[in-house]
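Below is the structure I would like to discuss, written out as C-alpha cells.
Chains here go by letter, A, B, C and D, matching the order in which they are written, and residues are numbered from 1 within each.
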Amino acid sequence: MSDGTMSGGTMSDWTSDELMTVNAARALAGARSCFVGIGLPSAAANLARRTIRPDLVLIYESGAVGAKPARLPLSIGDGELADTADAVVSVPEMFNYWLQAGRIDVGFLGAAQVDRFANINTTLVDRGQDRPPGRLPGAGGAPEIAANCGEVLIVLRHSTRNFVDRLDFVTSVGHGTGRGDRERLGLRGRGPVAVITDLGVMRPDPQTAELVLTDLHPGVTVDQARAATGWPLKTADHVAVTAPPTDAELAALRTLKAA
Amino acid sequence: MSDGTMSGGTMSDWTSDELMTVNAARALAGARSCFVGIGLPSAAANLARRTIRPDLVLIYESGAVGAKPARLPLSIGDGELADTADAVVSVPEMFNYWLQAGRIDVGFLGAAQVDRFANINTTLVDRGQDRPPGRLPGAGGAPEIAANCGEVLIVLRHSTRNFVDRLDFVTSVGHGTGRGDRERLGLRGRGPVAVITDLGVMRPDPQTAELVLTDLHPGVTVDQARAATGWPLKTADHVAVTAPPTDAELAALRTLKAA
Amino acid sequence: MRDDDGMADIRTLSEAVAELIHDGDCVAMEGFTHLIPFAAAHEVIRQGITDLTLVRMTPDVIYDQLIGAGLVKKLIFSWGGNPGVGSLHRFRDAVENGWPRPLELDEHSHAGMANRYVAGASGLPFAVLRGYRGTDLAGRTDTVATVRCPFTGEELAAVKAINPDVTVIHAQQADREGNVQLWGLTGVQKEAALAARRVLVTVEEIVEELTPHPGGVVLPGWVVTAVARVPGGAHPSYAAGYSVRDNDFYQAWDPIARDRDRFTAWIREHVLDSEGATAP
Amino acid sequence: MRDDDGMADIRTLSEAVAELIHDGDCVAMEGFTHLIPFAAAHEVIRQGITDLTLVRMTPDVIYDQLIGAGLVKKLIFSWGGNPGVGSLHRFRDAVENGWPRPLELDEHSHAGMANRYVAGASGLPFAVLRGYRGTDLAGRTDTVATVRCPFTGEELAAVKAINPDVTVIHAQQADREGNVQLWGLTGVQKEAALAARRVLVTVEEIVEELTPHPGGVVLPGWVVTAVARVPGGAHPSYAAGYSVRDNDFYQAWDPIARDRDRFTAWIREHVLDSEGATAP
C-alpha cells in the first residue's frame, strides 16, 4: 500500500504520504510553535499553518523564527525562510535561547529507526557482520529537539525496517527504557506524544511509555500495522480510525507542493 | 598645582588635566584597538584618534566596535557611538567574543584607588570606624578589562587619596602581589603597563612589577610625586621628562571637548 | 494575561504594570544607557509596588529613583553610577545609611551580569566565564563560584543564572500583535527579556507592520506578555531615531539626588502628581 | 600576512588560499545552507591542500567534494546529508569503505557544535549545554564531557572549544579595508570566524562603503586576515540579494556523487580544469 494511491470517503484519491502528512498536520492543532525539520515534518507544519493552525509559529534551525514560506522549502536554509520570518537569529542563539530554554511547544522529527519507546536513530544502521554499518546523516538538531521541546511528534513510514526491536544507535532519546526515564535523565520536555505513520498513529502508553497503536487510517487493519512493526505491537483498548483527508486538506497540501 | 593652569615650553598654557590626557593619548601610539571607559580614558582615546593613531579602533562596552564620535560622549551609551561604529554588538557578545577572547590590545581604565602593584579599587572606600564605607559605583567592565586586554593603561590624578598603600577593596587585578601573580591567577593579558597622572608616569618594574616613577611632566619634581603617593615611591634610574603638549595636541583636545 | 493566541496584549502602562509587577517581585529593567524604561519605573512608583529585588547592570538614575522611593529591598548589579556625571546619591544613601530602607546588594562585574542573563535566557542554571579571578568580588556573593574545565583542567568562574519574574524594556516599535523591534545599542535586552517569566515592553509607537531595521532586534509577540505605547517613555534616556539622550537631565539629577528633601519633592512633583500612563 | 594597520588584505582567491590554508590544517568552511564558500573549497582542491581536518555543522556537498577528492583525514560535524535530497555519497563511501582514504569522525549534535564554536569565539576552553543526555553520541567522542552546576548540582554537558587554524566564509560585501558584511541566514559564521586563527572571506562584491543592512552581521577588517572577491562564490549555495539556491544542482549532485568515476570526472571537469580564482 505504501506510496500507492488510495480511495477514501470523499471524492478525492490520495497517496499514503499525503495521508501521513495530513494526519501529522492535524497533530499540531494545539501547538503555538513548532521546531521543524525538513521533509515530511516541514510539509506537515506548513500544511497545519494553511488549515487548522494559521497562527502556528514555524521555527527552522537555520535561524528563522516565524517563517511563512509560500512554497515548501527544499532545504532548511532556503532564502524564503529568512525573508518571511518574524526574526532571524544566529544558529547558536537558536539552539541556546530558543530551543534549550524550552520556548518551543512541539518538535517535529523524522527518523531512520524508531524503537518501542520512541527513541530515534539517525546515525548508522547495522548491515551484518560482513559489512561496515551503513552511514546516515547523523544527529543534527534532533537530540536537543527531542530533549527540550514541550513535546515531540515523529512522522515516519511504517515498516519493520523503520520500527525496530532495538536501535543500532541511540541518536535522540524518546522515552528511554520506559516511563520515568526522561525525568531520570533530566530531559525537560514531555518527549514523543505521537508517531504518525502511513498506516496509523502510535502513542506512548500512559503507564509504560511503550508505543501502542491508537489509530488506524481508513482501510488499514491492525494486522497490517503489526506486520510492519519490528516488535510485538500492542493496541489500545479502542483503536480509532482517522478521518480521511478532507478536500480542503488535500487541496492545500497539493498547492504547497506544487508551488 | 592640580587642576591649575600651567605654562609650558610652547606658546600654549594648559591645565593639569589636559597634560594628563595628552600623555595618556600618546601611550596609545602602538595600539590597534582600545577598550574605552568613559571620562578621561574616553577623552584620551579620542584624542589619540585625532593625533598619533588615526586608525585606532575604539570599543565601548555598550556594544560599539570602531566608534568614531565627533564629540566626546557623556556616557558610554550616547547614540553617536552606535551611529558611527563599524559594528554594534550586544553586551554579552562584547564581553564574551571581543573582550574575553583577548581581541583588544589596550584597556584604558580610571580608578578611585590604585596600589603599588597597580591593582584597582572602584567599589568602596573605608572612612574610619565610625562611618560605613563610602560607596563607589563598583566594578563595571573593569575586572575583565584588566584581566583580558593585551595590556592596560590607567589614568588618574596623583594624590595620596588615590595612590594608596593598601586598597580598601580589590575590584580589578593589576599585578596582584607582584611579578608572576597574573600568570598564577591565569590572567591572560600583560596587565597595567603605565599609570598616567597629572604629575608624570609610573610603570611596573620589570622584576617586581611594583610601580616606579619613570616620567615627570615638565616642571614637576620627584619630591612632588613622592608626596602625592601613598607608598614609598621608587624612581627609575633615569626619570625622563615628558614632552609638553604640542599646539596640535591641545587644539585637537579642545576641539573635542568643545564640540 | 495571555490570550489564546499567545501573542502579547496591548495595554495601557498602568494596566500593564498592575498586572505584571507585584510586591516582592524580582524585576529587571534593562537598557544600557539607551532605551531605559523610565516611564514604567515611574508607574511602579505611582502604584507603590514595593519590596522589589531589582536587577540591572547599570542601575543608573532609574534605580536611584526607585531606591530613593523606598520600594527596593535588594539590588543585583554591576555598576552603580550616574554615567558621565558621578555618584547615584540615593543608591549611596541607601547603602551607606539605610535611607529610606537598607539595601541588600548582590554585586558583580559587567561580564558576570551579562552572562547571568545569558544563562537565564538559555535555560541553563549557570554560565562560565574567565572572570573575577583575584578580585574581592567573588567573596561577597553566593552567585559566583568556580568550575573546572573537563578538557584542560583550567578553573573558571561560574555565575548563577538570573531569571527575573518580570523584565521591562523600552523599544522603538511594536505591531498590533505585540511583535517588538528595537535598534541602536541593544545592550542585554534580548537576554533579559528571554530570561524572564513575564515581559513588559513600552514602545515609542505601534505600527501596522514592523520594517526590518539595520541592527534591529526583534522579539516575537509570543515571548512578550504585554506592550504599552509610551512615547518618550525612555526619557531622560533616549530612543535612537526618536530622541536624543538628555545629558542635561543627567547632570541636573546630581544636585536633586544629593538631598533627601529635594529628591522627595522631585518625585512628588514629577512622578506621583504627574499624569499617569499614556493611553494606547 | 597582516599589514601594519592590521586590516584585512584584498587578495585573489588563489593567493589567499595558498597563503592561509596549509596541509594538515584544521579548517572550518561555514554557512548554514546559505553563503557556503564553494569557490574557496574548489581552490583548495585545485591546490591539492591535503591531510585536512574539516569542521562544519552540515558538511553538505562542499565537504562531499573535498572528501571525495582525498584531501580530508578527519571530519568534525553534526549532520552529514545533502539537505532535502538525501545522502552525501562521497562522505558515506569514505566512512563505510575508506575510499579514497579512511575518514576519522568527531560527531556531535548541532547544539553541541554551535556551542563548540561559541566557546572558541569566547576564548573559553569549553561550553555548557543541556544536551547529549541518554544518547550514544557522547560515548564516541572525547570532546563531550560533563560538568556539575555549582549552584544547583545539576549535571550538564560540556563540549570542547573549537579553534580552527582557518575559517573560510562567503559574504555579500566587503569594503576596501576588509570590513565584511553578510546578511540573511547568518548561521554560525560570526562564531566560526572569531574562533579561528586566520579568517578568509570570499565576497560577492567590494564596495566603497558598507551600508548597514537589516539582519547584517559585520566583521571588522581587523579580525579578517584576507578578503577575495569571488562573485557567485557560494554556488550552488546562494547569497541573499545576489542569487538563489540552485536546488537543481543539489538534486543533480546525487547521481554524480553516487559513482566514484562520475564524481572524479566531475571534479576534473568542473574544478581542476576550470578557471582559477576571480581577480580582485
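As a working rule, a residue touches a chain if its C-beta (ideal position, glycine included) is under 8 Å from a C-beta of that chain, and two chains touch if they have at least 3 such contacts.
Bear in mind the structure is a predicted one, so any value in this text is a computation, not a measurement.
Visitor: Please give the intersection of the contact partners of subunit B with those of subunit C.
Guide: D
Visitor: Which pair, B-D or A-D, has more C-beta contacts?
Guide: Output for the comparison: A-D.
Visitor: What's the distance between the Cα centroids of subunit A and subunit C, rounded to whole Å?
Guide: So the centre of subunit A lies 40 Å away from the centre of subunit C.
Visitor: Between subunit A and subunit D, what is the separation of their C-alpha centroids in Å?
Guide: It comes to 29 Å between the two C-alpha centres.
Visitor: Distance between subunit A and subunit B based on Cα centroids, please, to the nearest Å.
Guide: Chain centres of subunit A and subunit B, defined by C-alpha means, are spaced 59 Å apart.
Visitor: Listing for subunit D: what residues touch at least two other chains?
Guide: Where subunit D meets two or more other chains at a single residue, that happens at 118, 123-124, 129-130, 154, 190-191, 215.
Visitor: Multi-chain contacts in subunit B: which residues touch at least two other chains?
Guide: Touching at least two other chains: 96, 100, 148, 188.
Visitor: Should the pattern of chain-chain touching be classed as line, ring, star, complete or other?
Guide: Here the contact pattern is something else, fitting no line, ring, star or complete shape.
Visitor: Throw together a list of every chain pair that touches.
Guide: Touching chain pairs, listed by label, come out as A-C, A-D, B-C, B-D, C-D.
Visitor: Sort out for me which residues of subunit C touch subunit D in the complex.
Guide: 123-130, 143, 145-152, 154, 156, 158, 160, 212-216
Visitor: Provide the residue numbers of subunit C that touch subunit A in the complex, in ascending order.
Guide: That would be residues 5-7, 118, 121-124, 179, 190-191, 194, 218-220, 222-223 of subunit C.
Visitor: Contact residues on subunit D for subunit A in the complex?
Guide: Answer in residue numbers: 32-34, 57-58, 77-81, 83-85, 87-88, 91-92, 95-97, 107-111, 114-115, 117-118, 129-137, 154-155, 184-188, 190-191, 215, 238, 240, 244-245, 247, 250.
Visitor: Can you list the subunit B residues touching subunit C in their complex?
Guide: On the subunit B side, the touching residues are 38-39, 61-64, 73-79, 81-83, 88, 90-92, 94-96, 99-100, 123, 131-144, 147-148, 169-173, 176, 181, 185-188.
Visitor: Across the complex, what residues on subunit A touch subunit C?
Guide: Within the complex, subunit A touches subunit C at residues 32-33, 55, 57, 65-66, 86-87, 96-97, 100-103, 148, 188.
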